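Notes to accompany the following structure.
Letters A, B and C mark the chains as written, and numbering starts fresh at 1 in each.
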Amino acid sequence: MLLKRYIPIAIVAFFGALTLSAWFIDNETIETFANDDATQFFDIIAAFAVFLGALNLLKLQFIKVLKQQSGWIYSAIAIASFFFAFIIGFFIRGAYFVGEDVYFSQKAAEAAILGSGSSEVVVPVDWGAHVQTDGSLFQWMFKYIFSPLSATMFALLAFFVASASFRAFRARNFEASLLLVAGIIIMLGRVPIGSLISSWTIMYILAFSIGIGINSYVKNRNVMFGWILGSCGAITGFGMTMGWPIDQPAIFFLPALQEWIYLVPNLAGSRAILIGIGLGIVATSLRYIFGLEKSYLGE
Amino acid sequence: MNNKFTVYALGIVGIVLLTLALSVMPDSLNFFREDKSAMFVFTLIVIMIMLYEVKLAKNSSEPIFLRTIPGLKAVEEAVGRSTEMGRPILYVPGIMDMNEVETVAGVVVLGHVANMTAQYETELDVPVARAIVMQSARQVTKEAYLTQGRPEMFNEDMVHYITDDQFAYAAAVNGIMQRDEPAACLYMGKFFAESLLFAETGNSIGAIQIAGTGSQTQIPFFVTACDYTLMGEEFFAASAYLSKQPELIAGITAQDIIKIILVGFILLLIVSRAFFDLGVTEFNLVTWLGL
Amino acid sequence: MKFLEDIILKLGAVDRRVIFVLIGLAVLIPLLTPISLPVRETPTTVKFYDGIEDIPKNSKVLVSFDYGPSTRPEIHPMNVGVLRHMLRNGHQIYISCLWPDGIYMALDALEEITDEVNPDNESTFDIKEYEDYILLGYRPGAEAVIKGLASDLRKVYTVDANGNFIDDIEMMDGIKNLNDFAYIYSGSAGYPGTFEWVKYGGDPTGVPMSSGTTSVQVNEVIPYVQTGQLIGLLAGMPGAAEYEKLINVPGIAIQGMAAQSFAHIVIVLFIVFGNLAFFIKQRRDRKY
């Protein structure tokens, strides 16, 4: 009980309070501890813990391969990739320079010297620098395997955003409709094509949309046609007077409108959420420091 | 009630006086950073309110009202659904390390979920992106199974490490979803761009999905693609909500009181700033407080 | 009318794989056959540009590469643009990386600019390592690195990315911590990045700073622009395109704008069809 409960709680309380007080106490030792040492301690622990993680990963993948469980072929690829990256990172320099030219192995570099008959010598890349030297095996892996794979995963977002918004953006009620309209304005206003849509087009669309709204509620064709004729006539009249400038009136110009949505209602909402999150973090941290919350110890 | 606010009012006065006293101490004894006075006062007020609310909750026999959070209510439903379907539950505690409060909150909620899976005898799968999180999550899960008297059901590989790399982890978790088709996917922790990759894949396999995060930028993605989302504060309140312990719920009451104080303070700053800008007064509270 | 409604209903219930194919085409076609669209500068980008213009000429500036290959299409054009802009104004650039892959991004960006030194490309500047720029490299520790840079840079970096001792490099003379830089810029794709630079770099030292972020992050970072903690912001690929226009070097971001525009239009069209189908279905359900 003492080892598993009280000592961990005491450690959390002590270091939590110390780190918090470092913000207010003008003492170099405490400040250095909180700002540099503590975070570095954590990084060191995390770095060593990676071994535990790697062993766990290998163990589970090996079991999958040995038992030929479903998808075991992916586990085999994971194991092979693990050892490939490990070996080329720790045991193979993978870059030997002969003048400006770079070769994968010492032998290839020597053969090149013999072939050309030059008097140059083979200069292997330094350990450590080999992971970032252009032409090295590690760099090759980064450029041609890791980068495209990462980029592919990130690019999937474009497709998923499309399918998620298609499914979720439905004008079910007033709030959802507001979200839908704001979403469309942002999507079109953020990209250049939005600036090709004239304010006047938006005004006409708005006039027609209001007309549909009137028809749905009043259910009187005369009123609806009256509105559409009146509003469209007014818009046309204003347009002809003003010379149809694409970005005037600015309130109906998509890029300007999206900028306003972004910087005013969106920012206000963001700040409210941010304050809430901040308070949540403060309250949660204090619960740990004061030992009120012990469930992270499994209690 | 009146007594409570008298305590707070007196407490705030005391804290301000203490801060003033610390600020005027002679240089040889001065260890206090005056430029952080406003923050110091705020921190002490938060601590005072929180501890007092906890004390009141401990001494009171009346339960504290906590509004229903649909997302948390749905956790039990999700576990039940998985049990009925005989499929596992996938729990993702975010992609960051234990130095993030959100990860800690995610691991804490995992403890509650593990209690339920132990009770219902449902399979639990927790892939993690950080080795330290793996250790903590294992400990919490193990304790939950022990508490429920089901140690034989606990297998330490139910919490397993994948990789630290964000998108490699996302790919692996998506693979697990496609292969194992969990009936429920819970995402509780700190997330970045991988959030939508998880949520959309989870949606495509028809899993019930509950997300909880304080990552502001990812909340819209989770709201769009998941069945329930715990936004910011709700997520941090999850542990108190699930544990039903009065002293933890009191922490949430304290949070609400602080929020009211903050709103009042913000309004005060706005008025002060407006008067300053309009030239009514030369005193600007914002600059005076060093904010 | 019923026929049209049926078509809309079908479009409203389309399989997500069809959406994927159309999005793929909407992105691919404009990339293969470039279409020029007008780019309009937004105030946050103009502020960003002006912020860099306002740095006194020939200053020392810190540029941080805090992203990896996944977000390269969004952030890389910004960083290349920032390097061009700063070099054009004669600044000396000190490059740090908070992400392990950041160093590869920095190397690529420098290579891209160095290629422009080729006289055939009518380059306007000729850059040399240890004179115009220094690649300090990656250090693990996220915010701890920034805190370290703010207090003592030489504790964090004893050697640069090439393994040369910092104390032996002439360009490092007079650089003790962040206060010795005239400006900080972070091209950031998440954690660690803009947030951490503002909290532990820009704010405590008072050194002016700005950032370029992915579109998704903008929402979170934009409050800092309003408070002045960031001098402008490059917001996602549109921000990068606007910046390319401002520095008058059209690049990949401007090219990407057509692809992004068409992809957005496809999404909007699907949302519209989805809603029309929703209304038609609701009306039909009411009838029966």
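Brief remarks follow.
Everything that follows uses one rule, which is that contacts are C-beta pairs under 8 Å (C-beta built on N, C-alpha and C of every residue); 3 or more make two chains touch, one makes a residue touch a chain.
Just so it is clear, the model here is predicted, and its values are computed rather than measured.
With A-C and B-C as the two chain pairs, more C-beta contacts join A-C. Nearest to the overall CA centre, using the mean of each chain's CA atoms, is chain A. Chain centres here are C-alpha means, and the one lying farthest from chain A is B.
Chain A and chain B have CA centres that are 20 Å apart. Inter-chain centre distance (chain A to chain C, centres taken as mean C-alpha positions): 12 Å.
Chain geometry summary: the mean Cα position of chain B and that of chain C are 30 Å apart.
Shared interface positions of chain B, i.e. residues touching 2 or more other chains, are given as 167, 193, 216. For chain A, residues touching at least two other chains, in rising order: 39, 150, 153-154, 161, 163, 165, 167, 270, 274.
Annotation for chain C: residues 16, 70-71, 219-220 touch two or more other chains.
Chain contact summary for the complex, chain A toward chain B: residues 20, 23-27, 39, 42, 45-46, 49-54, 56-57, 59-60, 70-71, 74, 149-150, 153-154, 156-157, 160-161, 163-165, 167-168, 270, 273-277, 279-288, 290, 292-293, 295-299. Chain C makes touch with chain B in their complex at residues 16, 70-71, 190-191, 214, 216-217, 219-220. Chain A contributes residues 35-36, 39-40, 43, 47, 126, 128-129, 132, 134, 139, 142-143, 146-148, 150-151, 153-154, 158-159, 161-163, 165-167, 169-172, 180, 183-184, 187-188, 190-196, 255, 259, 262-263, 266-267, 270-271, 274 to its touches with chain C in the complex.
Of all the residues in chain B, the ones that touch chain A in their complex are 30-33, 36, 39-40, 43, 46-47, 50-51, 54, 97, 99, 101-102, 104-105, 107-108, 111-112, 130-132, 134-136, 139-140, 142-144, 147, 157, 160-165, 167-168, 170-171, 175, 179, 193-194, 196-197, 199-200, 203, 214, 216, 219, 221, 224-225, 231-233, 235-237, 239, 243, 247-248, 251-252, 254-255, 258-259, 262. Residues of chain C touching chain A in their complex: 16, 19-20, 23-24, 27, 37-40, 42-43, 68-73, 101, 103-104, 107, 111, 140-144, 147-148, 151, 161-163, 215, 218-220, 222-223, 226, 236, 238, 241, 257-258, 260-268, 270-271, 274-275, 278-279.
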